[in-house]
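Each structure below appears as structure tokens.
The same chain A turns up in both complexes below, where it pairs with chain B and then with chain C.
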Partner chain A sequence: MSARRESGVAASPDAPAVPLGGSGRRRAAIGAAWIAFGAALIVFPVVFSNPTVTTIGVFTLVYMTSATAWNGFAGFSGYVPLGHAVFFGVGGYTLALVALHLNMAGGYAMFALVPLGGIAAAVIAVPFGLIALRTRRHTFVVITIAVFFIVQLLAFNLGFTQGSSGVQIPTPLWTAATFNDRFYYAALIVLALAVLVVWGIRRSRFGLQLLAIRDDEDRARGLGVKVQRVKLVGFVLSGVTVGMAGGIYAFFVGQIYPQFAFDPLFDVTVALMAFFGGLGTISGPLLGALLLEPIQQYLTLQYSVGSLYLIIYGALFLVVILAMPRGVIPTAGEYLQMRRARRVERADGRSPAATPSVEVAPLGRASR
Partner chain B sequence: MGSSIVQAIIDGVLTGGVYALMAAGLTLIFGVMDIINVAQGIFVILGAYLSYSLSVHAGIDPFLGLLITIPALFVVGIGVEWGFMRRLKEGDRTAMSILVTYAVSIVIEGVLNISFTVNYVQIHAWYVNRSVHLLGFYLPYIYVFGFVLAAVLLIALYALLYRTRFGASVRASLQDRTAARLVGIDVRRVSTISFGIGVAVTAAGGMVFGATNAFNASTSYDLISRLLAIVILGGLGSMGGALVAAVFMLVLEDVVAVAWSPIWATAVFFAALVVVLSIRPAGLFGRQVARAQ
Partner chain C sequence: MSAHLEVEGVSKAFGGLRALSLCSLSVEKGSIAGLIGPNGSGKTTLFNVITGYVRPDAGTVTLGGTPITSARPDEVFALGLGRTFQLTRIFARLTVLENMLVATQRKEGWLRSVARPAASSAEQRRAIELLDFVGLTRLASAKAGTLSYGQRKLLELAYVLVADPSVILLDEPAGGVNPTLINEIRERILALNSEGKTFLVVEHNMEFVMGLCHTVTVMHQGSAIVTGTPDAVRSDPRVLDAYLGGGEEQDDDIAVG
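Let's turn to the complex of A and B:
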């Protein structure tokens, strides 16, 4: 609430016309919005205690984490991996198999295995990245898909994963009323971690190096960026976080099968969420997952028999991509900026139509 | 053992021809438009379902039915290009095209699931389960017919691209969109028609696929991952590369299935891709992309 009033003040006619982003008041408003958003996430299960709602809440948090982590690599480096389900599945399987072999009873101790899932994901991410990051653009996309299918086949056919019969994970003996809440808060902690990591990347020298790679990899290399190392570290960091999300997901669902742990839909859904909200922004993937995952869960529950949800989901997606190709957050930001600029101009007595609002893209970019 | 490996090689070459046809459509679309058409897998399944319905409900032979299904998918392709692809911004076309065509593909998947249920079906005709005995090897008729069909269509595609004026403008757009536009080629029209052709060939591929495999809509995921692997291995935009890669990959898969185990055949398929691309990032016949400023 207070966030909205603050930004309203900042947009008043006597505000300076030039610095459209980054003034002190604006920054305070954004900070307040983040705090309000975090607080809303914390109190959510207290307000909505219906188990169906909190179940959707846990899934949404897991996807918010995954989309944020995916974007932390893809959005900043410009590489689009479609194989992050590898990390998701490895995280889940690590938790399931360790619990199985240590004969663990379901309980809080199981959450200690979540970071272990992240470590296992890192162990996979290093060779995966070393191979895949030698290539660029489409070839990179397809290599990540190929590695994904190899890992899925391994999960089906290796002995220790117990093949297609899957692994059962011990269910904690918590009271039904607050059962989901514990998973919710565990997922929220991992989400907070993911956001912090991405925020840290964005503000660091390392993040600038990633952005330089996105803009022009060869030139970045020429300027002294150790491109292979930077890309690999970014890739592994994002894999670790997705691995932890996978661990929580598997524990929550209570069993793990190759086709659910290594799901091609996961690869694309996470990318869709990041694109939907706005690639390369911190709030974009959060918003994308926050909007899309509940819709998907709701449609799945509502139309569990038919495949109507596929049609609605796909159609919704097409509309958003075509109407807002850069994602909701950047488009909304541009809209707000334009409105502010117009208001400032009107105060100056100039016609808003005089501003050149269309930016002409350079012709050569298409071939890159 | 030896003769079963030869048999596997024969099977691989015959099915590889059909995959080559589907992959040729994919690589044509990429080459001309810089678009990765992830929906190619579901278009194949759509083609298969069309042939299936024609043969079940109207009693039309699947090969004869191609006279209907190929134009039908051509129209679908043109519709998708006109409705979505040409609306993409130039800047990050490739990345966006993956998402848009994926969204198109899940919409079609939903429609197919509702119209045909998720039960597996297979196209039947007299030649589907019979084979000819030749020099000690069994050649299933459908494999032979499918291979001949694929070869005929690939030759037709080749003739279209290398022997006609339209083909020359397609190849010009393939090499450099901007330059093609400068010499007066209507690149938009060429793109639309190329997309239509690239999708239309899936009608034939889908018919043969549907006759040799039981399928439902979600089979498309398996298909598209293979097709992408083939196209990337051959080098994106290279028609000959797609052909060689398709035959190579399917022979490899069939031989591994016989010599080692069918379980690992698919893993070897993808592992071969990873190994080749680690050595040659541009694929077997890919052009090294010149660095654009």
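Let's turn to the complex of A and C:
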């Protein structure tokens, strides 16, 4: 992870303009780091089979997925939504209610309902996006929060959601020793999907248009970018992925209530994870969730005070904003790049930045 | 020669302020037309109306016979009308090359745009060619935010060219730019014009406008008051009035003073 180079998305304007040497080797190193990271996630439940640990593992994967999907919209477009808990809850409720009405027994078939949660989230995301994306900046943030509270209120009061008594989800009859593992791997598949989608967006023309909107939406319109369509597609794709994460979460927890499915702290948490790791990078939100979610789970389990983590989060947020406002990954990447530049400088006895280069970095590769 | 860009009787009010009132203007195909006038005379608002950023209260805009009065900015650009902004607007956190590629036009659905890479090799080649044309190739992989003000002006001109527009509106291309670069910008405009591109240029630098443009239109209080060759406009008494005074009263003041 630490080998990831500075992100093109969140990089500062004063970053060195000329690509420095060894980009092929660096790319190979980055690829190897990703493969090692994926392999570590795959073997994790085999090595740490303690149910407490794998439980934390499942929650962590769910949040890694959510943070990645949230960042796939917020980090690229510059719009900061704080109502993604709507999609998380809708995904969870879809799984719970469909299972209830079909009288499903807990089992593998339940996982088939996870994509259905994503589709339900998309159905909600379209009108949600059409309304919210007409506004910008602070207004957009406020509208997403408002929609979130409306949906939470509906979950409390609509008949079919069974109000505050919630919905029980059938528990699978799997052996206790490997019970968590199946959820873990299902969550890992959804996470892989989320990362693939965000990675694909970053290299695509659509992703370039999102980034253009982040930098100057009106200018992008004037260059032929259909901004409303691009923003809506980004919003919906992000919502679908969060909806699927919500489905896995609900199935794993085994029951669903309005206040947990539609939790106002969900968006704060996910946003903090993305900011912490690096907004607009691919590895940033993964790193953020990987560090923060286990801390939260550990504190909750260890001291059985559910809100202790909020104090830690608050303190952490202040540290991040003060020390590295662009997040860990971009800051670390820049540091590495600076060190490399200094090394080259020492070897050559001249400044590498002074050497003009006509080398053109391949799109979407050099900058992630 | 025929009118390629035609503005007829356009009015626009912002609250109580009449930014444009019955403004008409036509730009011949293949010409370089200048648009001058005192600050606040409605030049930029007219640009915003033509390019779809502002919808006029009345009047029509046509481009090569196609009405574009109620078209959105992205549609106007796709129809072959590009513009630059008075204060340059580039995508600061994208590279210079990525800036160019944002302007690449493709007819494709959203699903394809998500699935396909940001640029084909042909689109990249074209972008590099245009960067060559404005002399920015060396900076292709630099973040656009690191460019100087003049370089940003050149980049803005270059990415407008990506879509191969037939008409280009330039809002103060020479504003705040050093004399050498002004010359460079002038040469680029002349080169593009000789390829058949039509220009409409807003500019306060009189020397630049009078030397470059075939016709000049003067705007005053939201309307086009005079159109003619640079020489004719220069000696028109109404133009002097527009720049020196506001109306009759001030004229008297000047006469008395």
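Operating definition for what follows: the second predicted complex is superposed on the first by the 324 of 368 C-alpha atoms of A that agree within 3 Å, B and C clash if a C-alpha of one lies under 4 Å from a C-alpha of the other, contacts with A are read in each partner's own complex, and residues count from 1 in each chain.
Keep in mind that, in the parts below, a contact is a pair of C-beta atoms (placed from the backbone, for glycine too) under 8 Å apart; a residue touches a chain by one contact, two chains touch by 3 or more.
What you see is a predicted model; the values in this text were computed from it and never measured.
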Touched partner set for A:I321, first chain B, second chain C, both or neither: first
Chain B versus chain C as contact partner of A:R203, first or second or both or neither: second
Which superposed partner A:I143 touches (first chain B, second chain C, both, neither): first
Which of chain B and chain C A:L116 touches, first, second, both or neither: neither
First (chain B), second (chain C), both or neither touched by A:K226: second
Touching partner for A:A33 - first (chain B), second (chain C), both, neither: neither
Which of chain B and chain C A:D218 touches, first, second, both or neither: both
Contact residues of chain A, present in both the chain B and the chain C interface: 218, 361, 363-364, 366-367
Of all residues in chain C, those that touch chain A in their complex: 51, 53, 72-74, 76-78, 82-83, 85, 89-95, 97-98, 101-106, 108, 110, 113-119, 124, 128, 137-143, 145-146, 159-160, 162-163
Chain C-touching residues of chain A, taken from the complex the two chains share: 8-11, 13-15, 17-19, 200-201, 203-209, 211-212, 214-216, 218-227, 229-230, 233, 237, 356-361, 363-364, 366-367
Chain B residues touching chain A - in the complex, by the definition given at the top: 30, 34, 36, 84, 87-91, 93-96, 98-100, 102-107, 109-111, 113-114, 118, 176-178, 217, 221, 225, 228-229, 232, 236, 263-264, 266-267, 270-271, 273-274, 277-278, 281-283, 291-293
Residue numbers on chain A that touch chain B, as the complex places them: 80, 82, 131, 134-139, 141-143, 145-147, 149-150, 153-154, 156-157, 218, 264, 268, 271-272, 275, 306-311, 313-315, 317-318, 321-322, 325, 361, 363-368
